[in-house]
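Letters A, B, C, D and E mark the chains as written, and numbering starts fresh at 1 in each.
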Amino acid sequence: MSEIKRMDLEYSQLDSDRMRINVGPQHPSTHGVLRLEVEVDGEIVTEVVPHLGYLHRSFEKHCERMTYQQIIPYIDRMDYISAMNNEWPYVMALEKMLDIKVPEKVEYLRVIVSELNRIANHQIAVATFGLDAGAFTPFLFYFRDREYIIWILEKLSGARLLYNYFRVGGMAADIYPTFKQEVLDVVAKVRKTNAEIMNLLIYNSIFIKRTAHVGILTPEVAINYGCSGPVLRGSGVAHDLRRDEAYSVYDRFDFEVPVGKGEVGVVGDSWNRNMVRVNEMEQSCRIIEQAIAQMPDEGDVTALIPKRIKIPKGEVYMRAENPKGDLGFYIVSNGTDKPERLKARGASFVNLSVIPEISKGYMFADLILILGSIDIVLGEVDR
Amino acid sequence: MIQYLKNIWSGLSSTFTGMRITSGHLFVKKVTIQYPDQRFPIPSNARNRLVLTPERCTGCNLCVVACPVNCILLETVRVVPDDPHQELYENGQPRKMWITRYEMDFAKCCFCGLCQAACPSDAINHTTDFEYSAYDRADLYYKYQTLTPEQAAEKERLLAEFKAKDKPAVAKKTEKAADHPVTAAPDKAATQTLTDKEPAPEA
Amino acid sequence: MEKTNFIWDMFGTNIWTVLAVISLPLLFVLVYALIAILAELKVSAWIQERVGPMRTGPYGILQPIAEVVKLIQKEDITPDLSSKLLYNLAPFIIFTGAYAAFAVIPFSEAFVPAGIDVGLFYVFAIGSISAMGIVMGGWASNNKYSLMGAMRSVSQLISYEIPAALAVLSIVVLASSMNMQEISRAQTGWFWNWFIFGGPGDWTKVWVVPFTLALAITYFIASLAETNRVPFDIPEGESELVAGFHTEYSGMKFAMFFFAEYANMFVVAAILTTIFLGGWNSPFGDFMQGPWWGAMWFISKSFFIVLIQIWIRWTLPRYRVDQLMYLGWKVLLPVALVCFLAISLFVMIK
Amino acid sequence: MGLLNKLDDPYEGGGIVLGKVEELLNWGRSKSDWYLHFGLACCAIEFMAMNASHFDFMRFGTIPRTSPRQADFIMITGTVTFKMADRIKVLYEQMAEPKYVISVGSCSNSGGPYWEHGYHVLKGVDLIIPVDVYIPGCPPRPEAFEEGMIQLQKKISQQAIFNKRKKLGIE
Amino acid sequence: MSPQEIYEKLKKDFGDLVTELVDVPQTDPYIRVQPSAVFDICHSLRDDAGLEFDYLMSLSGTDLGEQLGVVYHLYSMHHRHKIVIKTEVSKENPLVPSVERLWRSADWHEREAWDLLGIRFDGHHNHIRILLPYDWEGHPLRKDYQAPETYHGMKVS
């Protein structure tokens, strides 16, 4: 039986130098269900063809069948690692169309939960990046700390991962009494672990050897490919919507936009992209501390939530700085309580498209790390 | 040459730094919560299993409308005034609607909490109970109605009789009740598996 | 043949004693592997602030036994398109390679299964058999990942054999013997008589101490690479090559790979112990010295090295294949060569 | 074929010795479960959190394997799309007997939030492979995963290996 | 540059190919253009001094009932201004010039628009489905889409 099967192969048609490897859709380090068709010449990658859609859950079709309120749970499930950040641009877009000005306290609460979620997201990103490089222990250290953030978000919203916490005009629930103190404690823990991981992983000589000078993305290519977030900033472009568009109350905080500096390796390589995330965690800590100090105590966060949302005819594109990059929602309203069309521009979707460009000529092992440094979530890529 | 020696040194020293850090964690207190024996306190607003309190449910259909995934099935029958079997809500008001069917499919629920927020009488609630995994998908299909099917049929018969007596007043309302989005009960044939496997032991 | 085997001394050489001598290391390997697997699980957990297996026996100590009971029951899959004979043979060859090396390991002053005069040479020769097994397994599996893993594994094994052999050769020059029992005996006395500290001798040995230290580290690194441990676990690097050369193996055949890996870890640790850390000698002169204590010292020293291997595994990321070659050929080999020359020179002058 | 398959013969007799052997074999299988993690979507993140220090899935004697050949059970964590469904079938077939399946979360139980309009979502992974334990939740808490694991261990430890038909009362 | 200025500049350069500027409060102002001129207009938007829209934020297809629309959200990293370009094509012949050569980010967006809405992009180098399986039939985001009964023997709905 097996003999017959072997005869079927036409050896003359095979290119003996090149081998095509199928990475994924089930592979330990594709960060989900991505399939990469890789052509290697020995160990050198000559071509990468990404095949998406293994998690295409028909998000946009669902949005057309749901009321505006019911869409929020589905938006959570898009980029499930940073659900809070996802909900924000959607809610902002509706508030813009409805012309609602949300109370101060809501704005600050939104900033705090989003930045907490940003830290949690970057912790996963850096942790899985380390895991791709073979370091397991930093992965668990970051997950241990992430748990403290998740506990705060769970106490606020009632869910651990998919919060459904933002509402048009407010938030689903108010803060609890010990909230501020707990957030500050978590910030201290995040900083402590970050300092530890710096020595354990980021500045480890093997890790530097693996990631520096690997997957170099120049700023021109990054902009042309529409990259955003840490991927773009790792290439040295200081593009951050929190500063450039200063939505919500971000203009009241003092924070820096970390960019890849080429301290190790060169600007735009995997190490620098990763380092931007580590630095962003620190900046998020700073923002959280300032927001906690400035946040007004009184005020009802649920006061302005409309019972039934009916959006006037029109369309709007709203984007906000997700941990992965610019997350945009293009909403077309037809005047009813359900959108005519809702298109989500996922940051991961656009960032991932740069993979074939930057992974050519590196080794197969590097491809895994380049993919890890892009930090994708397939829920957002495939939607 | 100096670069070469430097590389060797940085390799060795960063290895030792890493080993120092990891060895530091060897003897600290472990953070693990050993689940079945120890439990982490779950916040009271955590969204886990949904529980309906039938004594509070008025059958207003708001939870069904709010549910994004349509995993709630609700069928009601109006209480006729001359029914010998009358019931009170928990707050002492007389019941207006019989809940002939209230079924939830936890295999579909997305635990978003929108039904809980929509409920005006606080009848449907997320609890902190999460331990209800099942060997069979049909076990995740929960039925909350208190009436038996025979009772439900009886109520429907009573209502039909009442309607026949007093047609114009009631016709409008029953129409509305029949208009509910209805979810399909899980198909028994669909849950059957392809490979023949050992049947699960009786729990 | 030298009489360094208490069983033969006591009962003479006949078929039963031969069987006893053969089965004693096998028993040891099995028991040791179970303990090492548990140690791996527990140490990794403690480093990561976890508790590790807890629900199999008290504190999870029966976990490895459960693994074995489970693995025996697993279905043994032979892929349809594999080369059946080679595929089925590979795990046995690998395990044989690892187990055969135990023949010359001097567990105690009174027990070495086969006290041959070229013990170190034998260890290196027999170590290459496992390379054969890996290629057989990887190639016969008919899986791209397996093949790539096998290729990487063999290239790695061959590259790192050389610095390891040079390190061992230097000690052979110092001890002027290839018999592992002789080398152990040469280090009798306090711990400064160990070859890691230049071996026995007067104060002039301070000239070789830096070189022997460097050789010990070189040998340790090379041994990590030979046993495919982190940071050199490229052949089975999970994030790249699913499970490397044993991707297609299941059940007991996989268990053989598993046991062979841990047995190999012990072999390299035992060689390190023998040639650098005094073998079965007590570190404190005559204190706790003797055949039985010797076995205790030898096993605990070797196990300590195994623990360090585990510790490193849960600390470091892994190398890339070209960086691994760089480290082997351009760092370890020159270092070992320089040390070897220096030690030879020292021996000549002395 | 493994030992289990050889013994999988409905012959009479055996008695107390086989009973004890069966207990031991079941104990081994239930206490040592290597899993093939099939992370698909949101639940996979909670799965990673459960592997982390606070919940420590390894306490149950589970070890992650990346090769389906060496795995004892597969955890389907997330939405199964049609594009993915074929792969899951293949992976399941690649696993060595005895094998188990845990379906985690609403999506793999029944299609979850996508059961109604999801034109590209498989409405329940049990349509293509047999599922042993269903864990509800979207996503379930890490403790809920562990509870499902305990349920699976319970199930395994009660399995009949010898005299299967006799035990189950099938003739 | 404000949308009004951009519109006037485009109107000057392209005349009738640029249809109108729609600007109502609470929405984003957009410029409606003829589909045949999309590539030239985008080219000029990307390269002309003062415009320099080097960043394509999003490219969305929409089903407008009788027609299919393609919406381009552009952003300039230099000038930090935005503009929305919109074009409409018929459902019978939904052909729009591809802008993939101008912004590589349009590559996957256009494939997605083809996949979900069936809009064809003229000049795209790899015009295949991206999210759905390659042997899928139909374009699900069309309003009149009917999901197939089964796919590879698995029930769809």
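To be clear about the criterion, a residue touches a chain if its C-beta (ideal position, glycine included) is under 8 Å from a C-beta of that chain, and two chains touch if they have at least 3 such contacts.
These numbers come from a predicted model, not from an experiment.
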For chain D, the least number of touch steps when starting out from chain A: 1
Both-way neighbours, i.e. chains that touch chain E and touch chain B: A, D
Closest chain to global C-alpha mean, per-chain Cα centroids: A
Chain whose Cα centroid lies at the greatest distance from that of chain C: E
Taking each chain's C-alpha mean as its centre, the one farthest from chain D: E
Whole-Å gap separating chain D and chain E, where each centre is the average of the chain's CA atoms: 46
Centroid distance [mean C-alpha coordinates] between chain D and chain C, Å: 36
Inter-centroid spacing, chain E versus chain C (mean Cα positions, whole Å): 63
Rounded Å distance between chain A and chain E, as computed from the means of their C-alpha atoms: 25
Per-residue multi-chain contacts in chain A, two or more chains: 28, 53, 56, 58, 61, 73-74, 137, 140, 144, 162, 200, 204, 206
Shared-contact residues (touching 2 or more other chains) in chain D: 53-54, 56, 59, 66, 83, 113, 116, 118-120, 123, 127-128, 138, 141
Where chain B touches two or more other chains, by residue: 15, 18, 21-22, 25, 30-32, 34, 68, 110-111, 190
Which chain pairs touch, all of them: A-B, A-C, A-D, A-E, B-C, B-D, C-D, D-E
Contact set on chain B toward chain C in their complex: 8, 12, 15, 18-19, 21-23, 25-28, 30-32, 34
In the complex with chain D, residue positions of chain B that touch it: 30-36, 39-40, 42, 48-49, 68-70, 105-111, 130-137, 139-140, 186, 190-191, 193-195, 197-201
Partner chain D, residues of chain A touching it in the complex: 25-26, 28, 32-33, 53-58, 61-62, 65, 73-74, 77, 80-81, 124, 140, 143-144, 146-147, 150, 160-162, 378-379
Chain E residues within the chain A interface of the complex: 24, 26-28, 30, 54-58, 60-63, 71, 73, 77, 80, 84, 103-105, 107-109, 116, 129-133, 140-141
Chain B-touching residues of chain C, taken from the complex the two chains share: 43, 46-51, 54, 217, 311-312, 314-316, 331
